[in-house]
Amino acid sequence: MYYESALWLSLLIPFVLGFACNILPSARTALGAMCCCVFGTAIAGCIAIVAVFQHGTIFIASNWLFLDGLSAYHYGILLVVFCLSSVYAWAYFGEELRKGHFTRKQARLFAGLWCEACAAMTLVLFSNNLGIMWVGIEATTLITAFLICIHVSRQSMEAMWKYIVICSVGMAFAFMGTLLIAVSAKALELGPHDSLLWTVLYDNAGRLDPKLIKAAFIFLLVGYGTKAGLAPMHNWLPDAHMQAPSPVSAIFSGFLLSTAMYCIMRYMPVIEGATGSIGWCQRLMTGFGLFSIAVAAVFIVSQKNLKRFLAYSSIEHIGIISLGLGLGGLGVFAALFHTLNHSLCKTLSFFAAGRMGQILGTYDIRDMKGALRRSPVWGTGLFLSILALIGAAPFSLFMSEFLILKAAIDKQAFVIAFVFLLGLGIVFICALGYILPLSWGGPPLKKAAPAHLFQYESFLVYIPLTALLILGLWMPAPLQAVLQKAAEIIGGAAAYAPAIGLMP
Amino acid sequence: MQTEAYMNLFLGLAFAPLLGGIINRIKAAFAGRTGQPLLQQYYDMYKNIRKGAVYSRTTSWLFRAGPIVGLASVLIALALVPVNGSTAPLAFTGDLILFAYALGLMRFFTVLAALDTGSSFEGMGASREVFFSALAEPALLLGLATVARRAGTLSLSELLAATSVTSPELVLVLAALGIVFLCENARIPFDDPNTHLELTMIHEVMVLDHSGPDFAFIQYGAALKVWVLGSVIVGLILPVAGGKFLLLNSAALLGCMFMLAVIVGIIESTMARLRLLRVPQLLVAAGALSLFAFILSMR
Amino acid sequence: MLLLLLALGIIVISGCGALTVCTRPRLSSCIGAGGTVLGCAVGMIPALEVLLQGTIQSLRCAWSMPCGSFFIELDPLSAFFLLPVFLLSALAAVYGGQYLMKYKDTKRLGVAWFFYTLLVASMAMVCLARNAVLFLIAWEIMALASFFLVAFENEKAEVRRASWIYMVATHLGTACLLPMFLIFGAHAGSLDFDRFAHSLPQPLASICFILALIGFGTKAGIIPFHVWLPEAHPAAPSHVSALMSGIMIKTGIYGIVRMLAFLGMPALWWGWLVLAIGIISGVLGVLFALAQHDLKGLLAYHSVENIGIIMMGLGVGLIGWSAGVPSVAILGMAGGLLHVVNHAMFKGLLFLGAGSVFQAAHTREIDHLGGLIKKMPYTGACFLIGAVAISGLPPLNGFLSEFLIYLGSLRGAISMGADVAVPLIGAVAGLALIGGLAAACFTKAFGIVFLGEPRSQAAANAHESRPLMVAPMLLLAAGCLVAGFLGMYIVPAMSEVVSGILGFDAGHELKIAGGYLGSVTIASIALLLVVACLTLLRRFLLSGKEVGSGATWDCGYAAPSSRMQYSASSFAQPITDLFKIVLRTEKHLQLSEQYFPAAGAFKTHTQDAGFEKIYRPLFEGAKCLFARCAVLQHGSMHLYVLYIVITLLGLLVWLVR
Amino acid sequence: MGSVLETTMMLLILSDMALLGLSRLRTCIAVASFQGMLLGVFTLLAHEQALTPRIFLIAAVSFILKGFVFPQLLRRSIREASAQNEMDPYVGYSMSVMAGMAMFGAALWLGEQLPLTLAAGMHLVIPAALTTVLTGLFLIIARKNALSQCLGFIILENGIYAIGIVSVVEISVLVEIGILLDAAVAVVVMGVAIFHINRQFDHLDTDQLDSLKG
């Protein structure tokens, strides 16, 4: 079938071209090849995604790889993030090449790793076999590690080392969890081939050993949570985001975290099924979500570096997603919606932060002044994207957070709602305090050479912004159907039955 | 009926300046002087009317508007207060609010006219005037509200008709209104009308620059203000003799007004002027009195 | 209804048009202002229609948004708030078109106009929306648009600070509204307003009432949530301050009233609470206004005061409602709502006047102004009318609403038992005090700014502003004057509005009140007649006599100078001293130490007590506390791994315990 | 046969204690490689009833990787970094051994709690494996030298591997190999990182890598 080949292609193109990038003659060609690779993948991927929503789940590699509603939705986000980021990387490193901060070797390395990272994340999304899923995540860790220190410096090395060690430990736990899942699957008397198949476990969740599966989920939650940046396993995240070049930070926040969250989402229905859907793992998710929001709120107050601040905001939003998943029902729907919004918005903010950093020559919030005057385009991007991030209507993050709050209130969980609102409020106050001088402030202290903007850069700003604006004011029916489908996979068919839709 | 309604208006217009004369006579008597003739205020106004006027170069049309608006609004207030037992020409439910605010309008424009001259003395007087009246206003309205609660009506006319000194809270109200009366009319102990040191004056200093007909209007307005507030107090004291004994009522009112003047005269000649710092305390006390009266009236 | 949507469409589209041509200031101003005026004119029609006929137009169509439906409705209450929205927006737009010309070289006016139109449209939408999602989105757009307008001169640090405070305040307010609406929704089963009515059981109803009071009250600027007003209003361009102070803060009142209608029969303590808030806001607002030196800051604090008066009206209404005294309830509500419109008119007028003064004299410092009435006669006259109106003096419109509130509270006070009469008599006393202080404050504002001699060169060189700026002020002044005489027609016309809130017919009661106002009108007319007669009389008396002019009597002092005039601060000093316990005015006195007098200096400065005493310590404390937590993330990777392990083991223990 | 397993597990635990107690890196690495080989053998022992080619393959791969490749990589890094000893750790060596004992106790308790159904004579496996896991974590947390942290990671992997081997038979070989390879790559990556760190900082003291905070 044509769409199975599309699936294969979207997995193989980045994998193969990734190696190809390493032998290209010049930096420009390497970056160009990277962009082409990503866009090629996007075409194949879109075909596959459309196919999924037309003909249902696609299985390949004898059911080891598949694409269902949930993964297709995430894959769509991945494609968007990667396409935008690749174009941005072209602009960003183009600027650095002009300044001569970026050698051919680095460019090759970057392009190669970039494609491989794309391939690895794709693998995670496609894998029906939980073992493969783990392999994919571990692979992303190892690949992106070097993306952090494309520019070798003490700080970047430090960030990278912390990233590797912490995430590897996390991955080890995740592996432990996967093993325990396999152990608990013994009851099903499965052959080696499909012992870890998600679909199989999903269908026979009821027959898994509850106690074991709970232990397994704890390991998985801590493990993948480390990668996703849930507090208190988040500590690698600010350092990595701060030190990585902006395109890398963009995909880190834009999708790497969501990938890890995706893995957790995959496990939730199985656990719920095994524990008799008493909302056991939902409680865990809620707890971690609230804690992450609180931690982010506390640490955001005293930030000095723009990218670090954005990283903490990522922690906050991952917490929000986890909270939504924990609330179940409408919350799951909202959490998935929030994943999309956050990816778009955070990608844009990192784009803008990176370019403003290049233009102003610093990432220190106290020194970045007058962004809107120095570069209207990116200044607007930075200002509005951060406004959207902190939940100002009419951007779509406001809507998804509103829905999550609704889920909490409908469950009479007033305390949760209060903590949630409190955290968001603190973040709002601080973030607004940061960006006002940043966008409007007086003449910048450090005079940076005025960066020459490429024409297409304005598109990088306005496409995501428009998307966020439109989604905030109007949710297309197809998207709603997709979200519904994905939410049903996680939260069961009961996901958000009431109160949504066009008209009563 | 008409005559009855307008009776107080006539009386006030006719006899208001006389009160000032009486007060001065009493003070003179206490001081052992002969004192000015009773009709002195009439003479002064007549003299001023015949004179021309001098306007400061600083002033604008507001300076000219001040006296006129002031006199007009005090006339409106007068038209709200009936001779006891009858109904005032402009009476309606809730007219006591209009009554208070008409006096407020008068003050507003007098103060603006004072500020218009740009003289620091008149500014000082204006400042004190607004300060004291802001404190006096609650006392006045609370007192009237207390009486209204007794009478169960919100119209001055019915209210004055319905009450007479029968209960302790009414005594308290009378005390409060008396204080307000002295303060609003800038009498001792709040203000000394015939001091000659600008720094210590309140009402008189505000009108330093007025002359001619304007000054006459101001004097007349001041006299009427005494009459208006006075007739309210008197109306509260006086027992009602029914609508048909109009002349009796009017005579009683007149007599009581003169008595009031005498009392004021005695106060002025026996008391000293308060230090400005003490004035607010006295006014707050007045407010407290009327509030206390109201609480009593809720028994 | 379609007409209304058309109006909003025109407004928004004109804004976008202005944005597209933002490189050409004049053109974008014309488009923006013209579009706004046109749209407002169109929108006025259905509003008036509904208000006069008491019909209800509603429109409900599909909106692909979770929990959302595009459900708008125009009932008398909405129309009652829409009317001032459109009126003042149009006039302020005309004024702003001229006012902004000063910035045409330094600013992108198109952007300003875009946000202005957005603000107008969203305010109208807030009054129309009947679905919580729609309402909240409109509410947030309103906040955002006004935020950008406040930050118009964003190169100034204090403007940025002001806009920050404003945005934070309004956002925290919204944070209270979200759960309130959601609680409603959870019980009504839908977020459409038509399901909300009387849907909540008691404890929740009180919670929602408190949430609404905080959330909407923050926007309305009740004390202690008022801190943003004195910051934002002076920072914004004058026509925007007029709009914000005149209308936008009223959307908060609208929200509260709307919620009251949904909550149904109130508990008695609600009325006590609202009334107390009203009195406190009113008194403190006017006191802080007295202590201000900045003309627009003074007006901003007067917004707090007037919101207080409105809240007093609502409180009286609530008390009457819960005590079962219809007349009190009706009079209180009607007075409060009428004051909304009146305040919109005279506060808009005053802010526009302040703007003209600022552009003429380039300063908002009251003590640097003076004698402007000779330089700018029209502005002066308009400002005077506004000042008289805001002091609630007859014969202007301010008196009508205060009269209704007085009447309502006195009614209750003289007839009811202690639990009702005590708060109501408190309302009477409070209103009286507020009235006196407001009169003091505006004799100061008008007297020092417009009368006497100019206190600075800038004030001496002032000149009357352009016709396009004067015309709106004249219209508003005329409005204040005329409305003052039409009480007996206006008040009965509100019967539908009030009945809509209270749920029982208010027509009869309001007709009677209209009758009283009729006699007020007679008195006012009489007043005008007497004034006219006296004027003629004086002319007659002065005819043929010499009318001289000389210097002001200065007690023989040889060299008077305009600096010797009584200043605003000295004018207010007795009052501010009496209330220094709340005002906490800081005085800085510098005197030369020599034996012979030399130059000295005296400065007074009044911070906002709420900000200084409540919010700053709170925020600082939180900041310090959180900064301490940074030690948890001290860069040592070993610690980080330890966290992870502890988490894991902790969870495992929690699992197997 | 169980006794043999018992002894292997004993050896495993003892090697953990040794890792905790020894200070010279080379010795630690030697112990680690011994542990790797031990696990290779253990793979066969665990499944002696059903020895399939798959088991042999896995055993061989793990034997080679854990026994020779990883240690070799570490030794190379030592040579490059010329870092012989662990500089003073947070927790002293004798204390570490005490901690190791405590961890063993915890492992015993935890092994009781986890309902892993095992063949006869393997009751010591889970505690031993968990001890190894905890030892690895302890090395990462309590040692300052980047190399010992890398070592800790390997030990951690060893422990999890042991658990996997005894508890899970049904995982397909591809996955297992993939997992092993991933671990290998992880070690390689860490080695490279260590190399870079050494070049940047001229030392491997991760305690001094604390410039990023807050």
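Read from first to last, the chains carry the letters A, B, C and D; within each, the first residue is number 1.
The rule we apply is simple: a contact is a pair of C-beta atoms (placed from the backbone, for glycine too) under 8 Å apart; a residue touches a chain by one contact, two chains touch by 3 or more.
Everything numeric here is computed off the predicted structure, so don't read it as measured data.
By count of C-beta pairs in contact, B-C exceeds the other of the chain pairs B-C and C-D. Separating the centre of chain B from that of chain D, both taken as means of CA atoms, is a distance of 100 Å.
Per-chain Cα centroids separate chain B from chain C by 35 Å.
For the pair chain C and chain D, the distance between mean C-alpha positions equals 70 Å.
Between the Cα centres of chain A and chain D there is a gap of 32 Å. For chain A, the set of residues touching two or more other chains reads 161-162, 165, 169, 215, 238, 299, 302.
The residues of chain C that reach two or more other chains are 630, 633, 637, 641, 652, 656, listed in rising order. Among the residues of chain B, none is found touching two or more other chains.
The list of touching chain pairs reads A-C, A-D, B-C, C-D.
Considering their complex, residues 49, 51-60, 62, 64, 68-69, 71-73, 75-76, 79-80, 90-95, 97-98, 100-102, 104-105, 107-108, 111-112, 115-124, 126-128, 130-131, 133-138, 140-142, 145, 148-149, 152-154, 198, 208-209, 212-214, 217, 276, 280, 287, 291, 294-295, 298 of chain B touch chain C. Those residues of chain D that touch chain C in the shared complex are 90, 110, 113, 137, 140-142, 144, 206-207, 209-214. Every residue of chain A that touches chain C in the complex is listed here, in rising order: 161-162, 165-166, 169-170, 173, 214-215, 218-219, 221-222, 226, 232-233, 235-236, 238, 284, 298-299, 301-302, 330, 333-334, 387, 392-394, 398-399, 402-403, 405-406, 409-410, 412, 414, 417, 421, 424-426, 428-429, 432-433, 436-437, 440-442, 472-477, 480, 498-504. Put simply, chain D touches chain A in their complex at residues 54, 114-117, 133, 137, 140, 146, 149, 153, 156-157, 160, 163-164, 167-173, 175, 178-179, 182, 185-186, 189-190, 193, 196-197, 200-201, 206, 209-212, 214.
Of all the residues in chain A, the ones that touch chain D in their complex are 129, 131-132, 134-135, 138-139, 141-142, 145-146, 149, 152-155, 157-162, 164-165, 168-169, 171-172, 175-176, 179-180, 182-183, 185-186, 190-193, 195-196, 209, 211-212, 215, 238-239, 242-243, 299, 302-304, 308.
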